[in-house]
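Presented sequentially are two complexes of chain A, the first with chain B as partner and the second with chain C.
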Partner chain A sequence: MSDVRLTIDDREVVVPEGTTILEAARSVGIEIPHFCYHPGLSAPSNCRMCLVEVQGQDKLVPSCATAVADGMVVRTGTPRVHESHRSVMEFYLSNHPLDCPVCDQAGECVLQDYSYGWGSATSRFEETKVTQPVKDVGPDIVLYADRCIMCTRCVRFLREVSGTGELSVIHRGVRSEIHVAGDRPVTNPLAGNIVDICPVGALCSKDFLFKCRVWWLTSTASACPRCARACSIRVDSSEGRILRIKPRENAAVNGMWICDEGRFAFRQWHGAGRLDVPLVNGDRGFTHCDWDEAIALAARSLRQVAMRYGGESVAFIGSPWATIEENMLLARLFVSLGATMGSLWPAPAESPQRFPGFEISGEKAWNVAGARRTLMDVAGQLLTLDRLADEIERGRVRAVYALGGAYRGALVPCDDLGLELLEFFAIQTCFVTDKGLKANLILPGASPYEKVGTVRNERGVLQEVNAVMSPPGQARRDWDILMALAKALAATVDDDLTRAVLDRPAAQWNYTRSASGNE
Partner chain B sequence: MTVELTLLPAGTSADHPETLDAYQARGGYAAWRIALGRGDPQRVIDEVQRSGLRGRGGAGFPTARKWSFMPKDGHGPAFVCCNADESEPGTFKDRRLLEATPHQVLEGLLLACYAVRATCGYVFLRWEYPRAARAMQAAIDEATQIGLIGSDVLGTGYSVEVRLRKGAGTYISGEETGLLETTEGKRGWPRQKPPFPAARGLFGMPTTVNNVETLACVPVIVSEGGEAFAAIGLPGNTGPKLYCLSGCVRRPGLYEAPMTVTLRELILDDRFGGGVADGRPPKAVIPGGSSAPVLRAEEIDVPADFDHLQAAGSMLGSAGVMVLDDRTCMVRVAANACGFFDHESCGQCTPCREGVHWVRQILDRIESGRGRPGDADVAIDRLDAIAGQTICPFGEAVAWGVGSIIRKFREEFDEHIRLRGCPFPAWGFRSNGS
Partner chain C sequence: MELSESSRQEIDRLIATCRTRREAIVQVLEIVQRGQGYVGDEAVSYVANRLGVGRADVEDVLSFYPVYHRRPVGRFVVKVCRSLPCAHMGAARVVDHLSERLGVAVGQTGGDGRFTLLEVECLGACDRAPAMMINDDVFGPLTPERIDAILASLKDG
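And then the complex of A and B:
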């Protein structure tokens, strides 16, 4: 496609043919106010907020639906344009309930923001406002129809991205209303996105409703652990608790959306059943022990096996829930002990879910690709679990040390591994239920929301992971546990190792701004 | 045989749709055969160009020029839609054509299809015209049966289908692009233009939308020649025209006249309205349906054509001529019109959705005696803020139609506010109930 040269507010802009005025302006940092336009959806130009002046045209034109043309002269800040913005805002606010003090969206509301720019402190509207109901539109979504500005972003999302079409517009004129058919609530796996893209407080998440004013939230950029796509996310937390998760725009990973599984995945790692003390398996079954004891036991057992049967009799298993760094440290530590055999827990497999504008991966862990590549790099080879079971059965492997960290209920497939034949098996993981692993030692590790590092998704994109909170109780980040073990194993970890691990390929991080709200 | 240059041929009646035989007996489908026989679609366009035919739906756009926008080298489907969604208050001309002479409309549609090389013609009919629907469907069936519609029509190699679609009862489906959406089976929400229908119309394909009366003019233009049509009226405003006369007039009804006729003649002349009802003096005339700006009584000595009415600050629009006498409350007229538009605003875009309802409430308040000083100014300001800001021309329709009443009869609005009530008897304005 050829380039088009135009002028926006006296600035020369060059954009590809077919670009809209709004997007061309945005590319040089000129923000044209808008409600209905969303970069991930079609542009119906119904809000009329983005009208701008184009030289030679009598009427103002909707910048979201007007393609640029060579030599076009656009003005976004003339008195006429501002008057148009003010006029549209006056229309919007005439029937709006103006209930910002009790509205969840307050603080991140486009209508509220624009009212500072083009609103009025007083109103000429002395008529009766049209009132509309509060409607339940889905298991997690409630519609405050009164606040709705009829931008139809939600309707378009459900038609164009999820392809499910649960919402539509009923009635006409000022009585128009977003409607959900009674027997078809918004239950599709991408539903939560319509709350994100609602520019006002009309569509609210029941999960987040009234929990926190948005300005008290701390936002942390991270990646979603739920599947191998590892969508770019923003984790909003307050006082160490995750309150909601929203997508970050990242063309290389997830575009602008995330799925609801990922949106609520934090619940799968947090709450009841989290392991928060080290557990040692002795004569009386699993009992609590302190960290010094646990690390000493691990070091002693591993050293004994290595001395008796040789370093190659110690094997390690990496985890697709652990970061690249954690897997790398695991592998280098055990290779330095003489280990030659390593493996990787497979991620739970489901069918991928495809939608017109999104796809959810069927591999249910974020760092499958990163873990595999890292372990291969360090160990030179990676055994399948079947091969490892074979080696255990033949008595060539006598001790195994594993990273875990799966979400609640996702048991690693170890039944056929022959763990009972081992002299020592230890695992770093998140849930007490993993006691079923018949390990000698279970060490409480961190959830994906509690660690720092890097993951590589199924498309090979590297992303930074950031900790939102600390691990619960005595649980530790897996990196710290491995470092403690390394130290106990007589410091075979040299400076090079930590440096190699910590020298993350930051330049390759694909890390962009948030995709929620009006961006 | 000479074909009558009229849209209301003798012997036809809305009570009995003209049959195929009757239509052919008075020269019907001769034009269709002539055009197909010539084998050149461009000649249809040229003939219509010579006739000076302008669109009868409201905007008065030259028909031949509209057709010329259609791609000449298209290979895929292309469409012509006959806009039979006649919904403008005070307008009932298309209904007569559809109910009395459906074949004439159909032949016009076929000629239009041929002219723009369309593969299918759609008749989009308002839901409220069931008789017209029956008549039109019967006409389509009859013409199909004898091979005037279908594949390889009369052995010429040209194939065309005609389909009837009915709306669900909304004014906005008569707007060109709202019509396309509704015909596609969607909600009648107008589209932002460009792209124009000739580039991307029905189902994304090149499409022309023509009014019923426009199409009804085409057969006679093709069979008798464009010059014969152009001989009626003045250049730029040619051909026979239907006028829908309603309101405070002695003989309301549908009349045909050349566009040289003045509004005053339409109202007072015995061939037409025969005078204002009850011998009252006229106060105002809305010449082209509720969307057309109102004219005061002293402004009606103007030919009821496209150009003169535009010069007079109004428009011919749908030629729905509504006569208001001196007992009519203009506040009530404005409130009534605005109430209609409030009811019919599709709600898609903000200024129209919010603004029309706002102004309607203001006007209702003034009429019911709860007006406040400044109300009329706010109403005008808000109407002006709708015009030019909306996706479709509905915004202008409200702003110009209702706005003109407030501007031209401001003294009545001020009086209502001063008196805290309406000084006119309640029966002053007879709504036609559209």
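And then the complex of A and C:
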């Protein structure tokens, strides 16, 4: 496809043929106001907000649906264009309830933003406003139909991306209304995205409703731990609590969307049952102990086994829920003790879910590819858990140290692993229920939302993950636990590694690094 | 659902000539309404299934066009134009007179199932304002006397 040269607001712009005026303007940072256009959906050009002036054309043209042409001269800020924006806004606001003080969208509402630019402080509308109901749209979505401006982004998303088509527009003109066909609420696994793309406060998440004003939220860019796709996400939190998760645009990973499993995955790590103190398994069962004691016990036990049976009798298990750095530190630490056998917890496998415009991976952990490659790089080989069980049974492995970090109940039941044959088994994990793993020592680690590091998704894309909050109680980041253990073992942990990890230039490890996503 | 065999065949013939199934919705609904007088919930499901589209898509089209009835209507559907020219020429008086004569409120169907009285937008008969339509025939300009005469001339059957 050849390039087209045009002028937008006196700036020379070169874009591929077929680009729309709106997108061409966007590429050079000129934002044309719009409601119905969304970069991930078809453009019906029904909102009339993006009209601009094109030299030589009498009428203003919808920039979202007009392709650029060579030599075109576009103006987005003339008096005529502003007048058009003002009159379009007058129509939108005439029936809008203007209930921003009680509306969840306030602060991130496109209609609100534009009303500062082109809205009138007074209304000429003397008639009675059309009032519309509040409707249940799905398990987590409520529609305030009053606030809807009929951009139809939600309708198009459900037709084009999820392919499920639960919503439509009924009636017409001023009475038009988003309609849920009675027998089919919006329950598809991508449903939450329609709340994200609603430009106004019409579609709201019941989970987030009335929880927090958006300007009090702290946004942290990270990746989603739920599956091996590791979607780019933005975690919005307040006072150390996660309140909602939204997708970040990243063409290399997730495009513009995330699934609802990922959106609510934080519930699988947080809440009841989170482990917040080290537990040691003694004569009286599991009892609390302090960190110094716990680390000393681990170091002493591992050293004893290594001295008695040789370093290769100590094995390690990495985790697809831990970062690349954590897995690497684990592997280097144990290899330096003489360990030769390492393994990796398998991520739960489900069937992938495919939609016309999105795919959810069936591998239910974010860093399967990163963990595997890292452990292989350091240890040279990676045993399956079955092989490890063999080695344990034959008495060639006498101690195991594992990273966990899985969501509630995801670590495989270890009955077949023969862990009870070991002289020492320790695991860094998140849940009290992982007591079932029959470890001698359980160390409270961090959830994915409490970690800093890098993960690699199933397509080989590396992404930074950032901590939204601190681990609860005495729990620590897994990296810190491993560093404490290394110190207690007097093992030399490569300075280069720690620096690399702290600076996080994962590129040094010869991985291809993705461009990080835009908001 | 009382959709006749001939309506079903007509629908199948129509679908065969359409490039996309979505474009057939309007005409299929027209066939349904011609056959049974209205488009009920069961008919919506039938059309959605037959065309392979969602119920939501059918309801979308159905609610956009006031020509479709969602509930059973009388043998005579009386539609009075309420657009500007007719309103100026006394459409409100026409509605009041009809409502009184037929004993039905706007939007209702009489107990004997004979008449349904509706207000609609422009019938395209501004030259005969105030105008009304009874089934497929347009009448106007209307006066109370003329309305009485028209009603008297209606034949059931």
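In this text, the second predicted complex is superposed on the first by the 496 of 519 C-alpha atoms of A that agree within 3 Å, B and C clash if a C-alpha of one lies under 4 Å from a C-alpha of the other, contacts with A are read in each partner's own complex, and residues count from 1 in each chain.
Throughout what follows, a contact is a pair of C-beta atoms (placed from the backbone, for glycine too) under 8 Å apart; a residue touches a chain by one contact, two chains touch by 3 or more.
Because the structure is predicted, anything quoted here is derived from the model rather than measured.
Chemist: For the combined arrangement obtained by superposing on chain A, do chain B and chain C clash, or do they fit?
Modeler: Clash - chain B and chain C, as placed by superposing on chain A, overlap.
Chemist: Between chain B (first) and chain C (second), which, if any, makes contact with A:91: first, second, both or neither?
Modeler: first
Chemist: A:60 contacts which: chain B (first), chain C (second), both, neither?
Modeler: first
Chemist: With the two structures laid over each other on chain A, which partner does A:171 touch: chain B (first), chain C (second), both, or neither?
Modeler: After superposition on chain A, A:171 lies in contact with both partners, chain B and chain C.
Chemist: Considering only touches as defined above, state whether A:284 meets chain B (first), chain C (second), both or neither.
Modeler: neither
Chemist: By residue count, is chain A touched more by chain B or by chain C?
Modeler: B
Chemist: Have a look at where A:179 lands relative to chain B and chain C in the superposition and call it first, second, both or neither.
Modeler: Once the two structures are laid over each other on A, A:179 reaches chain C alone.
Chemist: For A:130, is the partner it touches chain B (first), chain C (second), both, or none of the two (neither)?
Modeler: first
Chemist: Between chain B (first) and chain C (second), which, if any, makes contact with A:51: first, second, both or neither?
Modeler: It touches chain B, and chain C stays clear.
Chemist: Clash with chain B: which of chain C's stretches 23-31, 41-49, 95-103 or 149-157?
Modeler: So the stretch of chain C that bumps into chain B is 23-31.
Chemist: For chain A, what residues appear in both contact lists, the one with chain B and the one with chain C?
Modeler: Touching chain B in the first complex and chain C in the second, residues 168-169, 171-172 of chain A appear in both lists.
Chemist: If you look only at chain A, which of its residues touch chain C in the complex?
Modeler: 165-172, 179-184
Chemist: Flag every residue of chain B that touches chain A in the complex, lowest number first.
Modeler: Touch list, chain B to chain A: 170, 187, 189, 192, 342-351, 353-358, 361-362, 365, 372, 378, 385, 388-391.
Chemist: If you look only at chain C, which of its residues touch chain A in the complex?
Modeler: My answer: residues 53-57, 59-60, 62-64.
Chemist: Name, in rising order, each residue of chain A that touches chain B in their complex.
Modeler: So the residues of chain A touching chain B come out as 44-49, 51, 58-60, 62, 65, 84, 87-88, 90-92, 94-95, 124-128, 130, 149-150, 168-169, 171-176.
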